[in-house]
Amino acid sequence: MFLKNWWYVAGWSHQVTPGEIVARTIVGDSIILYRAGSGGIAAPRDLCCHRFAPLSRGRIEGDDIRCMYHGLKFSASGACVEIPSTDKIPAGVAVRSYPVLEQDRWIWVWMGDPARADPALIPRAIGHGDPAYVVNTGELHYDANYQLIHDNLLDLTHLSYVHEKTLGRNNSAWGRTQPDFTPLDHGVRVKRWLRDTPAASYAPMPDGTKVDQWSACDFVVPGVFLLRSSGYPVGTAERFPDGPAGLEPLYETVTSQAVTPVTETSTIYYYSGGQPARQAAEAKLRLQIEMFGVAFREDKDMIEAQQKIIDASGGDAMMTLSFDRSVAQFRRLMAKLIEADGSASR
Amino acid sequence: MFLKNWWYVAGWSHQVTPGEIVARTIVGDSIILYRAGSGGIAAPRDLCCHRFAPLSRGRIEGDDIRCMYHGLKFSASGACVEIPSTDKIPAGVAVRSYPVLEQDRWIWVWMGDPARADPALIPRAIGHGDPAYVVNTGELHYDANYQLIHDNLLDLTHLSYVHEKTLGRNNSAWGRTQPDFTPLDHGVRVKRWLRDTPAASYAPMPDGTKVDQWSACDFVVPGVFLLRSSGYPVGTAERFPDGPAGLEPLYETVTSQAVTPVTETSTIYYYSGGQPARQAAEAKLRLQIEMFGVAFREDKDMIEAQQKIIDASGGDAMMTLSFDRSVAQFRRLMAKLIEADGSASR
Amino acid sequence: MFLKNWWYVAGWSHQVTPGEIVARTIVGDSIILYRAGSGGIAAPRDLCCHRFAPLSRGRIEGDDIRCMYHGLKFSASGACVEIPSTDKIPAGVAVRSYPVLEQDRWIWVWMGDPARADPALIPRAIGHGDPAYVVNTGELHYDANYQLIHDNLLDLTHLSYVHEKTLGRNNSAWGRTQPDFTPLDHGVRVKRWLRDTPAASYAPMPDGTKVDQWSACDFVVPGVFLLRSSGYPVGTAERFPDGPAGLEPLYETVTSQAVTPVTETSTIYYYSGGQPARQAAEAKLRLQIEMFGVAFREDKDMIEAQQKIIDASGGDAMMTLSFDRSVAQFRRLMAKLIEADGSASR
């Protein structure tokens, strides 16, 4: 089950270059992305309405796309503008075209009813295209349902176990802390102090430095994870238990991550990792994005194994324990939106 | 859905050599082909009736085939003639055997009720085994339903797009011409002039020669494509719009192609390419069959992509446009025969 | 359909070493095996009850196993003994644990109701761990249903065909002899003389020696094959048609084989091959286990091909001929047990 009436990240802006057709499947629907002659991105369905040949094997002609099976040509909005052997184009010969926008270096496509495509629903990625930040990017394919990846991102206790050797830094602090939790209109906000903990290896600090680390994360529909982590001198958490508002941190790291369902059992995951330009050192930035790559593969291994077990045994009997509050809340929110969506098919 | 009560091409005569067992699956049924000691081909089901072991792992013994699991031996007609541990062969111990014929270098197997196997239904391949022609052969496996390959062969407008760089010769003439169309008892006949068009690269003409090209194609049940193409001086089409009957062409090329369903989603395609012996040059003949190989892979890429889209989305909403007349007619004919067949199973 | 309430071989004792987690799927259920600190084997389900993460990716901690997704820890009996972020362990947080025993170098796991796990049901492997015998071991994975492997082992006529070049020694004696057959409580007993036959190549005899060979095989639930073969001077069978009880053989060879269903379409097969210590020569013993490896791959090729045919065509119409008495008897016995089991699911 997918939420159809929402914006999904379809890739990085730099992935769609003039003259190239990029094929994507999002929430089960296959589309292509190409830059029309005018520079904007068109996002028609990857299917010629005539005999269901793929437009991803087509040819860009100015703003249009020509199907290279029998030569039908369609405008960026999906209208058929040419059938080679005839001058008469019958009514109804058209391909579906999806609303598409570029914002914060991500391409966003609205997979539902175009009339409901409200750009205000698109969340802002942190630091993407902002000169105050330096940001690197990556992506990862999962053979798993998107909700398992949501669950993973919504409950960071797993850092102490899945990422014991990487992000978890060999301590059980993530596992033992219950974070502060606030529901949002279209998501949840999760905040927490980790006290007297090693700074991230990619933070601009001498290795082994202990800090109080504040992390504030928004996880929003349809699966976008926006996290700022900041280090402060040990003792800060004691003095400011509700958060370090207004204090200057020793350092800050940021990441934005988008979980885009491909099918019910495959997902693509676009992520960035960055730091403020004023503190950014090339080597630490590279270490950050590389560690993300390693750590997210650890998630992938665990989640794909979990998916196989669910496939084999059904997952209905999964348990929600006390530390799964944000997991449960976000699942309820998605379920409510999918129901309202009326798109609870597939 | 398959038409069971018809002859299908099971391969080239030269593919079944003495002492070798050849396994084939046709319209979903697995059979073996082997030359009995007497030279004729036997075509039993690839399944020992005892414990369903494959006879393709058996041993030819004279006219008979022995199952190499428990040693049961069957005659070319499928009767069990030996059970090693007993002298008594119970009634009903037999394997199904299919009517088989060799004609025009093709092996034809009747996949339905043997009582209805009428050899007169087998079409004649063009030039196969005829000393007046020199013919080369090839074959190609498709991961696609046979009907998509029928559609492809019945509508040659695709030559301008799928084969733009090969058979289409970079012009849109195929795409823009509507052919003449005649229903046949068991097929359709499609004829057309292409005016002032480059001769095929493999025609015995200086490269770049322009001709009026006449093509006359029969596409007959269960999926046999028989095409003669002839080149004439430019202007001939103008003078003989209904065809060049009786005129001597500058050259002729011929091809016979058989589409044999393996399963609902896989198909094998046997094809020849040839020219009259009097005009045939070795280099041009080789070019012809090689270009067929390249071009048919272009079809395969397109059709397999089309099959995937149909699998993912259902193909019921495919459109029939004005230039799809022969496609639609042949689909109706097959549907009618399959219904009459009473074999609309699987 | 599986018999759940029975002991199955889950592997060799030496395959589960301290500190290592071994994953197994048996009759469709995935479990892990690990040696608790105390040395005994624990066999919990390979599934953390919380979010269905695999315990096979967990960490052994003394007698316990910790899930490395969110850190829950379980005792060898499956009780949850730690949830990192809380001191309160809710009722019902536990993983299923299976009864497990080691006997005769095999690990036996009871896949059904623990209350019914009676160790007396476990058959004794021949010579495993017995100083009077030297035994080598092997294993083989099949992409086939376990019943096809039972059928194969229950009817040794196939030695003359499947193993014509290996165990069958190029003669049709196995194929032509009907054995003596006795039903057992939980299996069948099959005995036979092969007269004036070449001794096995791995017997301690000059190559080409003819013997009268006596073989006595028990095949018992849930799929354990226990065979002793002995060679006697030619003529012995004539004098002792009912068997050589009490006579000293020229040599003896033994084998124990366990067929363990993985899923409905995959199976693992654990086998040994051995000889009495007093006659054992290293080269012959090696030849024996190597020939078993080669021969069992011949079975695997045949049975996997048979499975594909059954998958494609259904196997309901398989025939039971006069020499299939033990096959039919054992199938009935299994069907009766599965029905009594009440586990005729999956």
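A, B and C are the chain letters, set down in written order, and residue numbers restart from 1 in every chain.
By our rule, a contact is a pair of C-beta atoms (placed from the backbone, for glycine too) under 8 Å apart; a residue touches a chain by one contact, two chains touch by 3 or more.
Note that the structure is predicted; figures quoted are calculated from it, not measured.
Common neighbours of chain A and chain B under the contact rule above are C. In the contact between chain B and chain C, the residue numbers used by both copies make up under half of all numbers at that interface.
Chain geometry summary: the mean Cα position of chain B and that of chain C are 48 Å apart.
Touching of two or more other chains is recorded for no residue of chain C.
Interface of chain A with chain C (complex): residues 151, 155, 157-158, 160-162, 164, 172, 175-178, 301-302, 305-306, 309-310, 312-313, 315, 317-319, 321-323. Interface residues of chain B facing chain C in the complex, by the touch rule stated above, are 28, 30, 46-47, 49-54, 56-57, 66-71, 83-86, 88, 90, 92-93.
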